[in-house]
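Just so it is clear, A, B, C and D label the chains in written order, and each chain counts residues from 1 on its own.
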Amino acid sequence: MVMKIGMIGLGKMGGNMVIRLKNGGQDVVGFDRSQEAIDHLVSQGVAADALTSDMDRFIELLGEPGQRAVWVMVPAGQITQSVIDDLAGRLSAGDVIIDGGNSNFHDTQRRGEALAAKGLHFVDVGTSGGVWGITEGYGMMVGGPDEGVERIRPALEALAPAPDRGWGHMGPTGSGHYVKMVHNGIEYGMMQAYAEGFELMKAHQTFNLDMAQIAEVWRHGTVIRSWLLDLTAEALKNSADFDQLSDYVADSGEGRWTIIDSIELGVPTPVITLATQMRFRSQQDVSYQGQMLSAMRRAFGGHAVKT
Amino acid sequence: MVMKIGMIGLGKMGGNMVIRLKNGGQDVVGFDRSQEAIDHLVSQGVAADALTSDMDRFIELLGEPGQRAVWVMVPAGQITQSVIDDLAGRLSAGDVIIDGGNSNFHDTQRRGEALAAKGLHFVDVGTSGGVWGITEGYGMMVGGPDEGVERIRPALEALAPAPDRGWGHMGPTGSGHYVKMVHNGIEYGMMQAYAEGFELMKAHQTFNLDMAQIAEVWRHGTVIRSWLLDLTAEALKNSADFDQLSDYVADSGEGRWTIIDSIELGVPTPVITLATQMRFRSQQDVSYQGQMLSAMRRAFGGHAVKT
Amino acid sequence: MVMKIGMIGLGKMGGNMVIRLKNGGQDVVGFDRSQEAIDHLVSQGVAADALTSDMDRFIELLGEPGQRAVWVMVPAGQITQSVIDDLAGRLSAGDVIIDGGNSNFHDTQRRGEALAAKGLHFVDVGTSGGVWGITEGYGMMVGGPDEGVERIRPALEALAPAPDRGWGHMGPTGSGHYVKMVHNGIEYGMMQAYAEGFELMKAHQTFNLDMAQIAEVWRHGTVIRSWLLDLTAEALKNSADFDQLSDYVADSGEGRWTIIDSIELGVPTPVITLATQMRFRSQQDVSYQGQMLSAMRRAFGGHAVKT
Amino acid sequence: MVMKIGMIGLGKMGGNMVIRLKNGGQDVVGFDRSQEAIDHLVSQGVAADALTSDMDRFIELLGEPGQRAVWVMVPAGQITQSVIDDLAGRLSAGDVIIDGGNSNFHDTQRRGEALAAKGLHFVDVGTSGGVWGITEGYGMMVGGPDEGVERIRPALEALAPAPDRGWGHMGPTGSGHYVKMVHNGIEYGMMQAYAEGFELMKAHQTFNLDMAQIAEVWRHGTVIRSWLLDLTAEALKNSADFDQLSDYVADSGEGRWTIIDSIELGVPTPVITLATQMRFRSQQDVSYQGQMLSAMRRAFGGHAVKT
């Protein structure tokens, strides 16, 4: 099946998705304020007249009112809010707005109510897969009203690894972003588990182990084989590059939101939480708690402390 | 290449490995004290005269002294020790003993020294893959002297998912069991990350999410796809069965040893540690720390506590 | 110095505070909807005509408009909100409302703005000390505008362990409840540290240690002596009673809010967080994550699991 | 009661204990290889002829064979072992050796057996109180045979905060060091709880809170008042000094041993463990796990990472 769909935001994620949709036979148009993003997509083979930095023009390209569908793929937060506000004023009852970004599910629930009041269908798609999605397909967790989800089914089937795999309609509005949020929390925990194990083996110098070899061996036949391990094995192949990396680990909102949800629900999530808090620790230049512990040790024990 | 190899211990792991070795063209003989285990393997197509519950006979079946290789696949600890002690008295310089079980690497290092003093080659193989290894191949982390490892290469190549994948020579004696130990520590962390995420989604009742569907969707295209997730998705398909499971989670030695190693080396492993400690918690009927906290709360706050 | 002050909520905390204020020479009146709470205070020597279950009468007892001060000591949340709403309609510019309960500091900040708009002074007092406060004095963390805080200074000095100890003006509205919130988070961490240590010693059966003796010994001269330990030692004296306690550990909002604040600020708080999450765990009858881990273990290892 | 007792090791701990013993009316002699340590004690009023750097002389000063008591206060590990080995050769049946240091209880149990075989009484004393012990008394957890403990009772009563407080006979040999080990584990947890709370309040800049004021307020009337908090409040008074402290937090063996014991016994100790692991983290210059997480993020998400 073929559908017409517009993409707002042609960056790393949105741009790749335009290409995968086009390759999947969909009729896709795109908007980005940046001409550079548009030029890049044109260089990748997307027709120039399907891309625009003019919002009025973009809306025209979407087709008939009541049949239009716009996939918003911009940073979560204020930018997503203002794009959706703008679209709400331009689109009509029956049109579909998809938020494919990493929005907080509370925001999504609120937006869903506001858009439903205008007769718009709001579909939230938690999208996983990163830069590999263009070739391997995207994992997509979809929330929203049945009609909206059904309307964009051709796009979802084209973006997924296969039409019947790697995507699903989770539940009402917000559930897609919610499940994606938990997905990312789990991801933090898994990443930290691997990283701890490798750091430990590195520190156990008796055996002089080869991290790249171990990661490669573990990819096949073991209980802990995974796609993250595949990527890690690849990254370890060039250790010279690896050694130059900072140990600063950024975190996006989802890990934090997962923890907050678990606290509100009273569910113990020690692994997801610790994985996230170790990132916080990595982001500190000087740890005030460390200084305080040094001060205490000096106070009761006369322990020499570093200054 | 073909080699002759003897397997001691024809249980769930050892028995399956005999079959995979045979299917891989190796000349394999087996020993188990249990006739039942032997009968089971015969029913699976292994020649009856290659299996025995008589240790003298088993040693005869192994072939020429100095060329023999015995793979020990019995429970770690005292049983492994006594089997190796027995073999050490029966075998000769140049023979190879493989410990394929989950022995503590400190024990392995000690045993390696003792056996090397007698001219025996001792190879430790951390073996992963569980009940699926017979069809998918085993992930194997190998430690020991080069000569010993090279001698059993045909067996390793037959047991692995492919001759050049899923196994590797990690380093000196003990390193195979060491890397397998860390593998299991990581496994605990990953399992706990998934379990926390699913428990959270289950508890977030607003969306009435379908755990089986989510696990299935996540298997394709997402960052957290893995073999553990494949198994989890399969297990969730029959929720009636799932609901009857106990929440008691056993732990084998490896998680504990991983933590002890990290403590001795001063490496922070919060995720692996917490994953293991949550298992400890699951193993308690009554938590004394919980009782003490109740007592404290009552003492300072006059809080009503359950009795 | 003497001031007139009204107390709303004459339960375990509020009732005791009325008595301590009276003993401290303050002119205190009280309101509670429950005649039983009033009767109890009368039996403790509080004058019957200073107590009422009639709100109109209570307001009359407070004295001159613009000079009145009301201390609200009711459960956080909806009840606190409705009491404050009611008071806001009855009091006048210049009057002071104190929230001595465990309100969330975000609510307090919001209420402070609303009340300031009406010319009312809103002071938040995080109050610690539990049932012992009546004799030992209350630790109080005070937030709010200078004028409001100064107006109630006589009451604070009477409630505190000493006029110049155990209380302080932390900062603007909300800061009192905020510091009290963190205080409770720390309390969770400390309690859990003790409880883990005692559980460990209990489990180490070789030494057959006496928990009550240890707690008593630790109270003097050691680095970990504290008031919580004093209470624990007392509780341990009657071990027969102790053994009958449930291991269910309730948690109030403050621990959760502390964690949420730390997540929002990106500050690592592993100890406070884990202490709280272990309480969550204690509150579960069946752990879904435990069931899932059992299911995984069975799936990959054929491990026997409890059902 | 008065007894004669010899102290080996006149450093920060042992030297202060000599003074407290002397002030407590005990007949104490001391040995240290360092003349500087001896001179310092003499300057503090200890008689020069009671102190020596000559071991033969020291043994003479101890009095009659079979009635002698030597308190060893030297660093745990090899030094303690060699001092005890030396003493075992010089002393006779009926003499008492006390290990007042932070030895591992497994070592203590082993040493106790070896010394008992020679008729020597071996008493282990876990000693808490740090540099404050000289004035406030030492908290002491005592293990060993009844006869040995009774023989040194006068010394214990003089060292304790009061004759009947702050010390106790915990159980057989090793139990004193064991309980002290757990004491230190709890200490780590408590310190970390405070440090997390203060770091959080420091980071919550809205309220511009004064850490020194908060610590001082919390010392009186609150649930979390403790001796550690007293010291912290004192340390915070000079914030200029505080800000110059390193955030590197050393750890002694006891925290690690506590965790290892908990792992071996299967007791969940998340707070003690995390408190210790955060110290490990503080000791790292570059975190390899941080680098690995950066590498993974770049691999799957194309996330920009710091280099």
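Throughout what follows, a contact is a pair of C-beta atoms (placed from the backbone, for glycine too) under 8 Å apart; a residue touches a chain by one contact, two chains touch by 3 or more.
On a predicted model such as this, the values are computed, not experimentally measured, just so you know.
Trainee: Specify the chain most distant from chain B by Cα centroid.
Mentor: Chain C.
Trainee: Between 0 and 180 degrees and rounded to the nearest 5, what angle rotates chain A's CA atoms onto those of chain D?
Mentor: 180
Trainee: Just curious, how far off is chain D from chain A if you go by their C-alpha centres, in Å?
Mentor: Those two chain centres are 49 Å apart.
Trainee: Indicate the whole-number Å distance between the mean C-alpha point of chain A and the mean C-alpha point of chain C.
Mentor: Whole-Å distance between the two chain centres: 40.
Trainee: Please work out the Cα centroid separation of chain C and chain D, and write it as a whole number of Å.
Mentor: Measuring from centre to centre gives 34 Å for this pair.
Trainee: Give me the residues of chain A that touch two or more other chains.
Mentor: Within chain A, the residues that touch at least two other chains are 130, 192, 194, 196, 199, 203, 223, 228, 266-270, 274, 278, 281, 289, 300.
Trainee: Can you check the complex and tell me which residues of chain B touch chain D?
Mentor: Touching chain D from chain B are residues 223, 251, 256, 259-260, 263-264, 266-270, 273-274, 276-278, 280-281, 283-284, 289, 300.
Trainee: Under the stated contact criterion, what part of chain B meets chain C in this complex?
Mentor: 12, 130-132, 191-192, 194-196, 198-199, 202-203, 228, 231-232, 234-236, 242-250, 270, 274, 278-279, 281-282, 286-303, 305-307
Trainee: Per the contact definition, I'd like the list of chain C residues that touch chain D in the complex.
Mentor: Touch list, chain C to chain D: 128-130, 133, 136-141, 143, 160-162, 165-168, 170-172, 174-175, 178-179, 182-190, 192-194, 196-197, 199-201, 203-204, 207-210, 213-214, 216-229, 258, 261-262, 265-272, 274-275, 278.
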